[in-house]
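Each chain gets a letter, A, B, C, D and E, in the order it is written, and its residues are counted from 1.
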Amino acid sequence: MNAIILSALLGVVMMFSSILTENRTIIRNIAIAGLLILLIGNLLNTYTVYSFNIDSHNMLRFDKFGLFFNSIAIASTLLYAILSGSDVVKVGNYPAESFALIFFALCGVAILSSYNTLLMLFLGIEIMSIPLYILTGSDKKNLKSNEASLKYFLMGCFSTGILLMGITLLYGASGNFNIESVHSTSNAVTTSYNYGILAPLGLILIFISMCFKVSAAPFHFWTPDVYDGAPSVFTSFMATIVKAAGFIAFIKLFSIRMADLGPSSSIILSTIIIATLLVGNITAVFQQSVKRMLAYSSIAQAGFMLFALYGNNDLSSEGILLYSAAYSIATIGIFAILIKMKDYTFDGYNGLAKKQPLVAAANTVFLLSLAGIPLTAGFFAKYYMLASALKSNGHAVLWLVIVAVLFAAVSVYYYFRVIQAMYFKEGEAETTEISSKFKAGLVVMAILIILIGINPSFLLNWFYF
Amino acid sequence: MNKIVYLVPLFPLIGFLINGLGRKSLSKSLIGIIGSATVLASFIVSLVLFFDVKAHGASIVDYFNFINVDSLKVSFAFQIDALSSLFLLIITGVGFLIHVYSTAYMIDEEPQHYGRYFAYLNLFIFSMLLLVMGANYVIMFIGWEGVGLCSYLLIGFWFKNDNFNYAAKKAFVMNRIGDLGFLLALFWLIQKLGTANYADVFAHASSLSSFDVTAITILLFVGAMGKSAQIPLYTWLPDAMAGPTPVSALIHAATMVTAGIYMIARSNVLYSMSEVTMNLVAIIGLATALFSATIALKQNDIKKVLAYSTVSQLGYMFLGLGVGAYTGAVFHVMTHAFFKALLFLAAGSVIHAMHHEQDIRKMGGLKKHLPITHITFLLGCIAISGIPPFSGFFSKDEILAAAFAKNPIYWGLGVAGAAMTAFYMFRLYATTFLGTFRGTHDQEHHLHESPAAMTIPLIILALLSVIGGFVGVPEILGGHHELRSFLSPVITTEVEHHIEHSTEYLLMGISVAVAAIAIIFAINKFSKKPELAEATGFGKVLSNKWYVDELYDTVFVRTTLAKGKFLKNIIEKNIIDGAVNGVGKLVNYSSRQLRLIQSGLVSGYILFMVLAIIVVVLIWVNDGYIYKFFSTLF
Amino acid sequence: MSATQIIFWFLSALALVSALMVLLSKNPVHSVLWLISVFFAISGHYILLNAQFLAIVNLIVYAGAIMVLFLFVIMLMNLNKDMEPQKNMWMKLAGAISGGCLLMILVSLVRQATEIGGKVAEMKTGNIGLIGNLGKVLFNEYVVPFEISSVLFLSAMVGAIVIGKKD
Amino acid sequence: MIPVLLILIPLLSGLVTFFLKDEKAAKSWSLLSSVITLAVVFSGLFIYDHNSESNFNAAWLPALGSSFSLSLDGMGKMLTLLTAISFPVVFASTYKNSYKESGSFYGLMLLTQAGLMGVFVAADALLFYFFWELALIPVYFLCSIWGGEKRIAVTFKFFIYTFIGSLLMLAGILYLYFQTPDHSFAIKSLYSLHLSVKDQNIIFWLFFIAFAIKMPIFPFHTWQPDTYEQSPTAVTMILSGVMVKMGIFAVIRWLLPIFPDAVAHFSTIIIIFSIIGMIYASLIAIQQDDIKRLIAYSSIAHIGLMCAAIFAHNRIGLEGVLIQMFNHGINVIGLWIVADVIEQQLGTRKLSELGGLAQKAPVLAILLVVMALANIALPLTNAFVGEFLMFNGLFQYNVWFAAIAGISIILAAVYTLNMVQKIFYGNTVSITANAVDAKNNVQWILIVLVVVVLLLGVYPQPLINLTKDTVNIILVNR
Amino acid sequence: MPIQYYIILSLALFCIGIVGVLVRRNVIIVFMCVELMLNAVNLLLVAFSKMHHGIAVVNDKATTVGTDAQLFVFFIMVVAAAEVSVGLAIIVMMYRNTHSVDVNFLNRLKN
């Protein structure tokens, strides 16, 4: 509860701070301080200190998993604010409002990590999404930003409609909005129709809408355009924290309800996983802009994260946390560097290693992590995903794992194009000014990634603490 | 006596190391002395061993485990018995003479190349000694490849000349083809008997099936074909004449090329068990003898004639082996070593005198300029022609008699070959030494007899060529054939042929008479009017060696190269690498196509979503049949 | 056929026809008006189902506020003409067909759904739709989502300002 | 403790090297470090040759069932010895070469060494996978930064190719992990697995493709010639001398004992492919004009034989493979050193542009000839024993396979002698007219290698004894 | 009325909304069609609410079953209102920049 209330309050504080000051640095610092408070509040909540004791009538349930994810999301946002905060306040004329919207979105994230009824799921998604529509369009003079915002908004509303229809059908079948399945103790599943028709149909629609939110193919179409069109700082936020929150919501619901779909659930899921991996990885190969490549790569990463649904065991819940952390840190880092680049194409990175060796090295670590190379956090993230799938399904899922690793190899292709540009090609990579604080931040993040990569329990021990 | 066995190969090895490492610092004379002395030392030790064997019989000296894996134990061991001690004497004895000869022959070389030459020569002696001393097939194989290497190095000694290099490479590669056969035979033995030691192999040979024996012996024979230049692997030997002449004498006449005979004689136990192989060996040997003799008829290079003669004589030896006359073959190895080394060295003396001119059409009348060379060469020619009582007569006769006993046709063809041998040898002799000098004035002016270092070995070898045959005088001529009794512990499966004495006399008479007629004919024909024009008609086919080289070039060399080119340019580049790159291109292509779906139109996106919803619902409606289908796939 | 049924069928037909007309009208203003007609039909259904609170809210919020906002924007943009550029025929066809297919599949599935076979919706009775009952529940059990939706409004407000304000 | 040192010394000194700006310092430091590693290996072989010293176990990821456990058996000792020898040899023989940003170059080299050592000592599948990748990534950077003209594309192909393989292996490792009763990656648990035949037949390929790409065997080899050609020679030496052994090592350590049925089931097909590769690579080698490519194809042919002999799956063949791994490493490094000397001095690697070098560089000529002879497995060079045993093993498996594979020893003679002839024999040409003999450091290194070649050729038994225990484990586990 | 009728009615409205989103190019009308979809959902929710209430009320006169669905409808309306305010702001912004309300007019982001 701390996180939800604090983030809403801090959003209001940010709104007011715009009245009090026009100085963007101060606004940024207020935001960072706010995030710090938020993080502390959430950590306190994790270790049973409730600042706000409100009976939500079982609409929200705060478990360790959700709270821990919250911490990851808030900490990631904190890192994001530290690294890219100065860029956030440069976008548009409303620096404080941008941060306010980020706080509101975080409120949605917190709801999504703790919802216990479909109503809260719906509200959480909306609270998270609406600020994003706005942030996407916040570069008002930029037609790309306009376009992205419009597309995001229209498709987002459409998927909300699908979600609501799903919820309604589910309600029609069960008479309540609880996420727990009333059938969860029933006998062995033999046909898909065991649970009637309305409930599975509703679940399918919810499933599709969630797929849309986490940009799983073929519901991913908004992702490249929106990520590309949105101001880069906000793409960074959307592609990491928001996306991870979408996954948490997805998993929270479907780790319980997936079985209600009957035996076809795994074929539906694997179809979607393969489609996502295919679209994400293959399309990323031909991109010329690093930003757009990252958009497609985020689709590809979503394909891996979907494995958590397949596994649905302790490994998958640990894994999705690890994945969120690894993916968020790496992507925030890459975007932070991207924002500093004058030219977003691959060629724009040519020769960066000569001009900014430290930045290039950190960027390499982030890219290696995204590619899932051992000794980086990304490796264990992918490892957990595949392991969780293998653990519960064994033999039948092996082919899916093989397909996944082959696509992981494809992903190396486009991630390493950036490395090649930085290290092996001659060129004058132009950047805006890079402060030493920024570099220090990058180094810290790179070290974090390597630490998790050497020993993931570094992160996961917190989970069990 | 066992304690000194290791000295035999050790001396040449030391010589190799000293000459090899010190070739830049040592003086030429020192190099020559070291090179020759080490071989002489080996010879002396060999003599001691020889008499020891004669007195006390064979012995095996085991030094260390060379390879010891599981049940396979190959030890580095030497076996000194009658056969090997005889070969030791031939190798070190003839080898020593040739070393001495070389000190003079190669004197014009730069010091470091001079040193290199002697190092190679010593290394060769070392390898050859390993070959014959080894107590198992593996050690024999080590020597076997070692002599091949030295042959390669020495043929290509003058490495500035690319033709010589090609000849060297050809020799090595052809030998390797044979070596593969040897190796396979070796594996076969090891698989069946679990050992490669002669003693064990022969002791357990009877446990081998007849198929195994045939396979093993044929494969071994393939090895012998390569090393001893038998059809079809003979073409390297004439080309090997690119090396310095003493090398031709030592390696390509007296010692290395007889390794095949040594091997088969050594394995006589196995060979005698397979009639098929014996016949094959005889037929190949005979064919080689005749075939190369025909080629020798029309060659104009003094060394080429001798080379083909060597091939032909080796064919005789295999004929002898094939008909079971192992002793005869070994006997012929010995006598051949004497007279062929002599002939080569004498030829070398001629070439030396002629300033490296080798074409006999530009010689003639050398009799008066090179008296010692002339006499010794003549003696060699008589010996090879098989005129009694020269050494060649006894050895060749023994083979022919055995061939007759086996099959009179073998004998008939053998005699025809002998006639050709006599003919081309005396064609060579007459063209070179008789008549008038046909070279340039400059050459004539410089004609001179070779120095003593060259003539003394000639004389010694001539002596041996003359008397060498008396160790194997057959009983019908009143001898005891001491060689046979000496070798009998090793060659246990000698075929005893029983021919009427009268028949045998008749056979001898015929072969001698045929040879004599050929000699007289040749001298008459060529001493006055040597054949100077290019051959025409069938003669051209012969002088072009039946076009075998061309045939091989087309059939094997070019196709191999073409295959390589094909594989490199077509298969590798387009198919295999093409497939690998094709996957990359496919990904790239599908990337370009797939991104077109991302049309930028919201309604298009939503249409895809709606279709996907329909598909997902349909999959669900399908009640998991698709799932079941996939799960049965694995 | 009882009066309830007659009203039901009438309202349903009205809703469907009006919805179709939303699509088919070329003039955006007409579309808005047809949509308002749909909302009225739906509100009628609510009344039929005795959900009076929702019926009123629907009229006030949707027909009253939201649609007026729409109308306002259309007028602002001066779009009350047939000015929509012609869309690709194929796209229209594909859209109609796929929408139809989806409807067909969903309806056929629903018709097979045995778990709701024979169940009926209570008409005209039941008091849960009354404002008093709803209010009690809303401010007791549903106070958390209620408060949380204020965050939604806040952010929508901020958004409308950030986006809509002319710089 | 020995295996830990073997990884730590190069790892830490490699990290230090990154910060050495001075070229001389970087060189000397890395040479020193590699010599120390060599000394540690020797001490492990001769002084601290106890079980307790060659095994190490520490907790790493207990939750995942993986531990940081290392162990040195005979094969591991031999290959760590090879690795430890290779690096000082490479550093010393290329001491005179200069690299831009040499600190990074040597740092990455040492990291590679750490990775290689790790691969050879890892006794835990996940750890093995880690080191497997750790060895790959520095090489990727080494080749891409310091390589030839087409380095980026070529190295990238190499990287992706091997990476696909290792990812498949990862999937296989994971699958095996869930099959173990105690959910563990430890090699012991994997060895005691009794997989169903169906499982084996699938997972076998996941592992084998990874190893086949690494070795590489036909038809997975096309990355290799390009990569060898484009990499800086120092890296090529490591790649072909040590890195390809990773593949063979892994087949022996991780494939044979775990999938006995699949090995029996697929051995024929794999041997056939290996043999096709041998002949194929040999024929192509004959046609090569570039020294590096020639050696690369020659290496493919040799590796093909090793692979075939492994799958012949008998003691003699396996023993042959084990000692040949070492011998091939030594020999091929020797060949590369000569190739590097020629390229550094004359600026070309084209055989058609060379000739007559023996007159100018007699010492180099002799040393190369010895190396070349070892390459064609002449008796009394080290390679003979290995090839003899391998062909023997193959022969025991199938006569015809051995006979056909044997053709490659003829072809090997053709291309190797061709190379020797075209470089050294004949008359000098304009490029070689002013050539001089190899520098002292190269000469001495080569002499050392030649001595090793001959010593092991005459007395190979120490290597055989060293690896005997491994063969026992591999064959008994069946 | 049988619940099936309501389901089919609202599914029909829902799908008409979807078709509208697909076939219209005027972004305002597209948006209106989305609203139509939401209303279809609302109708169905209310119908289900009454269905469940009707079932429960047989046993317990004072049951509040079904209230939650009606409140859900309320929240949907709340959210829809918020969405409309943001959505129309975005549309107005786009119109200001491009003077077009064609949903496909802005098409720079693709491929």
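As a convention for this text, a residue touches a chain if its C-beta (ideal position, glycine included) is under 8 Å from a C-beta of that chain, and two chains touch if they have at least 3 such contacts.
Please read all numbers here as calculations on a predicted model, not as lab measurements.
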- Task: Tally the contacting C-beta pairs at the B-E interface and at the B-D interface, and name the larger one.
- Result: B-D
- Message: If I average the C-alpha coordinates per chain and also across every protein chain shown, which chain's average lies closest to the global one?
- Response: D
- Item | Distance between chain centroids, defined by C-alpha means - subunit C, subunit E (Å) | 5
- Message: From the mean C-alpha coordinate of subunit C to that of subunit D, what's the distance rounded to whole Å?
- Response: 71
- Query: So how far apart, in whole Å, are subunit A and subunit D when each is placed at the average of its C-alpha atoms?
  - Reply: 43
- Note on the structure: Rounded to the nearest Å, the gap separating the Cα centres of subunit B and subunit C is 101
- Task: Going through subunit C residue by residue, note those that touch at least 2 other chains and give them in order.
- Result: 87, 91, 94-95, 98-99, 102, 106, 109-110, 116, 142, 145, 149, 152, 155-156, 159, 163
- Message: Two or more other chains touching the same residue: where does that happen in subunit E?
- Response: 3, 7, 17-18, 21-23, 25, 30-31, 48, 51, 55, 65, 68, 71, 75, 79, 82-83, 86, 90-91, 93, 103, 107-110
- Junction residues of subunit B, two or more chains touched: 595, 598, 600, 602-604, 606-607, 610-611, 613, 617, 621, 634
- Using the touch rule from the top of the page, what pairs of chains touch, sorted by label? A-B, A-C, A-D, A-E, B-C, B-D, B-E, C-E
- Inside the complex, what are the residues of subunit E that reach subunit C? 1-9, 11-13, 15-20, 22-26, 28-29, 31-33, 35-36, 39, 42-43, 46-51, 53-55, 57, 64-68, 70-71, 73-75, 77-86, 88-93, 95-96, 101-102
- Task: Spell out the residues on subunit B that touch subunit D in their complex, using ranges where they run on.
- Result: 64-70, 72, 112, 138, 141-142, 144-146, 149, 152, 156, 159-162, 165, 168-169, 172-173, 176-177, 179-180, 183-184, 187-188, 190-191, 560-561, 563-565, 567-568, 571-572, 576-577, 579-581, 584, 634
- Query: Taking the complex as given, what residues does subunit B use to touch subunit E?
  - Reply: 595-596, 598-603, 606-607, 610
- In the complex formed with subunit D, which residues of subunit A make contact? 368, 373-375, 383, 386-387, 390-391, 394-395, 398, 401-402, 405-406, 408-409, 412-413, 416, 420, 423-425, 455-457, 460
- Residues on subunit A engaged by subunit B in the complex (per definition of touch): 150-151, 154-155, 158-159, 162, 191-193, 200-201, 204-205, 207-208, 212, 218-219, 221-222, 224-225, 261-264, 266-268, 270-272, 278-279, 282-287, 395-396, 398-399, 410, 413
